[in-house]
Amino acid sequence: MTGSRALIVLVLGLALSAAAEAAPSGLVLRDDLQREITLPRDPQRIITLVPSLTEIVCALGACGRLVATDEFSNWPAQVKALPKAGGFEDPQIEQIVSLKPDLVLLSRSQRITERLSEFGVVSFALNTESYADIGHSVRAVGLILGLSDRAAHLDAAIEQAVLKIGDEARAKHRGDGPTVYIEVDRGPYAAGPASFIGELLARLGARNIVTANLGPFPRLNPEYVVNHNPEVIFISPAEATSLAERPGWENIRAVKEHRLCSFAPEVRDTIVRPGPRVAEGMRAMADCLARVAP
Amino acid sequence: MGEAERIPQPPALSCRDLSVGYDSRIVLEGISLDIRAGFWTAVVGPNGSGKSTLLRTIAGLREPHSGVISLQGRYLSAWPRRERARRLAWLAQTPGDTDLTASEVVALGRFAHGGWLAHRQAVDDAAMYRAMVATGSLSWARRRLSTLSGGERQRVHLARVLAVEAPVLLLDEPTTHLDPPHQEDIARLLREQAYGGGVCVVSAIHDLSLALTADRLIVLGQQGLIGHGTVREALDGDWLSAAFQTRVNIVDHDGVHLWRPAVPPARRSEPINGSERGAPR
Amino acid sequence: MSVLRPAISILGARRSDADMPHRLGTWVACCLAITLLLTCGSLIIGTSSVETSLGWLFSPDAQSSVVLWQIRLPRTVGAWFAGALLGLSGAIAQGVFRNPLAEPYLLGTASGAALGVTLSLIAADASIGALAWTGKLGITGAACVGACAAIALTIGLSRGVLQTASLLLSGIVVAFLLGAVTSLLLLTKPDLWREMQVFLLGSTGFVSWSSATLLAAAFCVCAVPAVLLARGLDALTLGEDTAQSLGLSLPMLRLTLLGVVSLGTATAVGQVGIVGFVGLVAPHLVRETLSVNHRQLLIGAALCGGALLQAADLLCRWIVRPAELPVGAVTAFVGGSYLTFLLWRRSRDG
């Protein structure tokens, strides 16, 4: 009698454990803040708080799953109609929580993860600063959304497009590329090789007058630019007209010969956001360089 | 042949129907006075009776509520600013804290004579020298006011006022901070200015005995002007008791009028020992 | 004659005071020497090494001439005049308000200028038409206009310049109000933050010869009435009533001097942004080392302020070369240290 009871307990135990394994278990992933997140199986209500992550979600075809984005997400056009949940520095917790999302995708530098978890909202942080982050984020988001295949394709497509544009650009100027100065803000704040746009520039074979040791966005002594005499300057449209007024700058080759690259705001978005449209941005940069470089 | 008829001089300062006060509060009203040159007039009265306010208004530093003030026969407001400053010098009760040197402060007294662009002339130097000698402040001409004691500072400010060499001097409590010997000096100085210099000296003075050494008194009380006239008239009319609304004893000692406080004289010469107190005798 | 000789010897001679002008002369000479030294230093120090710069000085070519004479020299000259304007304005403000903590921005100039620049940047982003306008005005024009508007608002709020207490209060209120509006506007456009930082922390990077000339002209226009009216400030230290009794017209004095402060500060802020502490510290330095007499104090504060800002400009270029620190951060550090030293010394003595 004891033997058969033991057998029944064993069989029941095995059956139960089998049943437990068959039941849906959430994905556990480590995010870029080094937290172990248990993700919901098939998140249908997603909020993104960074434009590049919005673009990634939509590039993977999951735009319909977005219930809200941050203020600055503006591509594709349909996300503009979605409710807004604040800016980069000040995401609105109340708005986010009231929309009852399954998942919130945000940047590593946004500091609201603790608050969100107090309300039981699952958040996943991803780095969105460099070129390598694009591939990493695409694959991570694909995994989370259960669209790993599509993500792999997208990743490969982006990589391919970027390499192609880079090769073409480098082929155009056999030898050294043009020297370029990228101004991000009047200061002058320059973009160094460690910044995203600096990386793109390097892939195009151009030479940044800012050296890597100065950091991604150094505030330069204006003299530095005059001394290095860049052949092309990337500048905002508003400043482009007044470059010659800066003392000594009228002697810079790029200013003298009007070799300036300015981008409209929509195009600028593709250049400064490490996201799926990076190839478009690079194409714009390459076209401009081909046009104005000596 | 007698003396040539002297053309009567207008009083150095006079006011008619003057009402003075702050913002909306009137402190004194209906004041009509003539203050003559060549005399030292002291303004006395209890705290809050409006001594400072009256002096300030007469000096032109406050607008009167109503009434007119005349300086040397001309309306105060009709005098051009610089001209008026040359004829009327003012000493505040509490001059501002300044770190200038004594000589720089006294030099400011000559401002009305020279103006913005002027350099110091010989006549300025002479006036400054006389003023500082008279107040005994010459020895600290190069020192900063912040390094001087209260009394020394007061004498420098007095020197500044004297350096103006104005025919009218208005002084608000000129003897504060001064120890008795210096108070004497100042009183003598004011008398000398009035008699010897023909200056019209008006000062508000707290100390009754000192005020009684003046020539004329303006006595103010809580209810307004009690009287103005010579010291003799004031004592005869017992204006001081009316002003302070209490018996004010003035005694005459060798022709000098002294205030005698009504405090019983001391009887003991030794202090009471604590253990003795309440002990039966 | 006999009374004059002792007078002269004790009170100090009229035009050639025994040791006062000596001290003033030495002091001015020192200041000018420091200025000269700093100017030479500014020519040598920059993104190139000292040897290279010296090489440029002795064997110039087209490129290096541009760097030396179009960039480094106007920058240091402009910094000197901006610092002189701030020092002068600070000394005047401390005299008019009889407050040793007064500084040139107390009429709300800084906040007004910041708001002007913010509006100009936002407008430039907004539309092409607005861009044309703001291009004409430039950051400098916008800052100047903003500063003047803030001053007008302050004076309007306090109903004239007669009451220094209400003027001070109005200045504080206006500074807070305009600062709040600026912050709100910047919240809507966070990408303007970095550019605003450049303005808010001061920058001598783009001072050209035309800027330097403008600053020099403003300095001359401000210095003349200031020095003429300096005696009035001396009289003010004795108290307002006393000053009035000496024959001063207080409204005229205040109006003119505050006008000088406004013009000086608005011009300086327009060209180099908001640089703090120079206007506060320069007069104190002069009081400690030279004199409290305003004629000397105003000139001294101008010279001292000029040298201070020159030195700050030099440091901000040298410390992290070839990058650059904001010059206002350097003046804050230097000025703050000096004030801390003064406080420490006072607590030790007192």
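Annotations for the structure displayed:
So that you can tell them apart, the chains are marked A, B and C in the order they are listed, and the count of residues begins at 1 in each.
One rule holds in what follows: a contact is a pair of C-beta atoms (placed from the backbone, for glycine too) under 8 Å apart; a residue touches a chain by one contact, two chains touch by 3 or more.
All figures in this text were calculated on a predicted structure; none of them were measured in a lab.
Viewed as a contact network, the protein chains form an open path, each link joining two chains that touch. Here the chain at the heart of the structure, going by C-alpha means, is C.
Put simply, the C-alpha centre of chain A and that of chain C have 44 angstrom between them. Note: centroid distance chain A to chain B, computed from Cα atoms, is 83 Å. Annotation for chain A: no residues touch 2 or more other chains.
Touching chain A in their complex are the following residues of chain C: 46-48, 62-63, 66-67, 70-72, 74-75, 124-125, 131, 134-135, 138-139, 187, 190, 194-195, 198, 203, 205-209, 317, 321-326.
Every residue of chain A that touches chain C in the complex is listed here, in rising order: 87-90, 184-189, 214-215, 218-224, 226-227, 229, 237-238, 241-242, 245-248, 251. The residues of chain C lying in touch with chain B in their complex are 3-4, 6-8, 10-12, 14-15, 98, 228-229, 231-232, 234-239, 241-242, 244-249, 287, 292-293.
Residues 56, 59-61, 81-82, 84-86, 88-90, 92, 94-101, 103-105, 108-109, 111-112, 116-117, 119-122, 125-126, 128-130, 132, 138, 141-142, 144, 157, 164 of chain B are the ones touching chain C in the complex.
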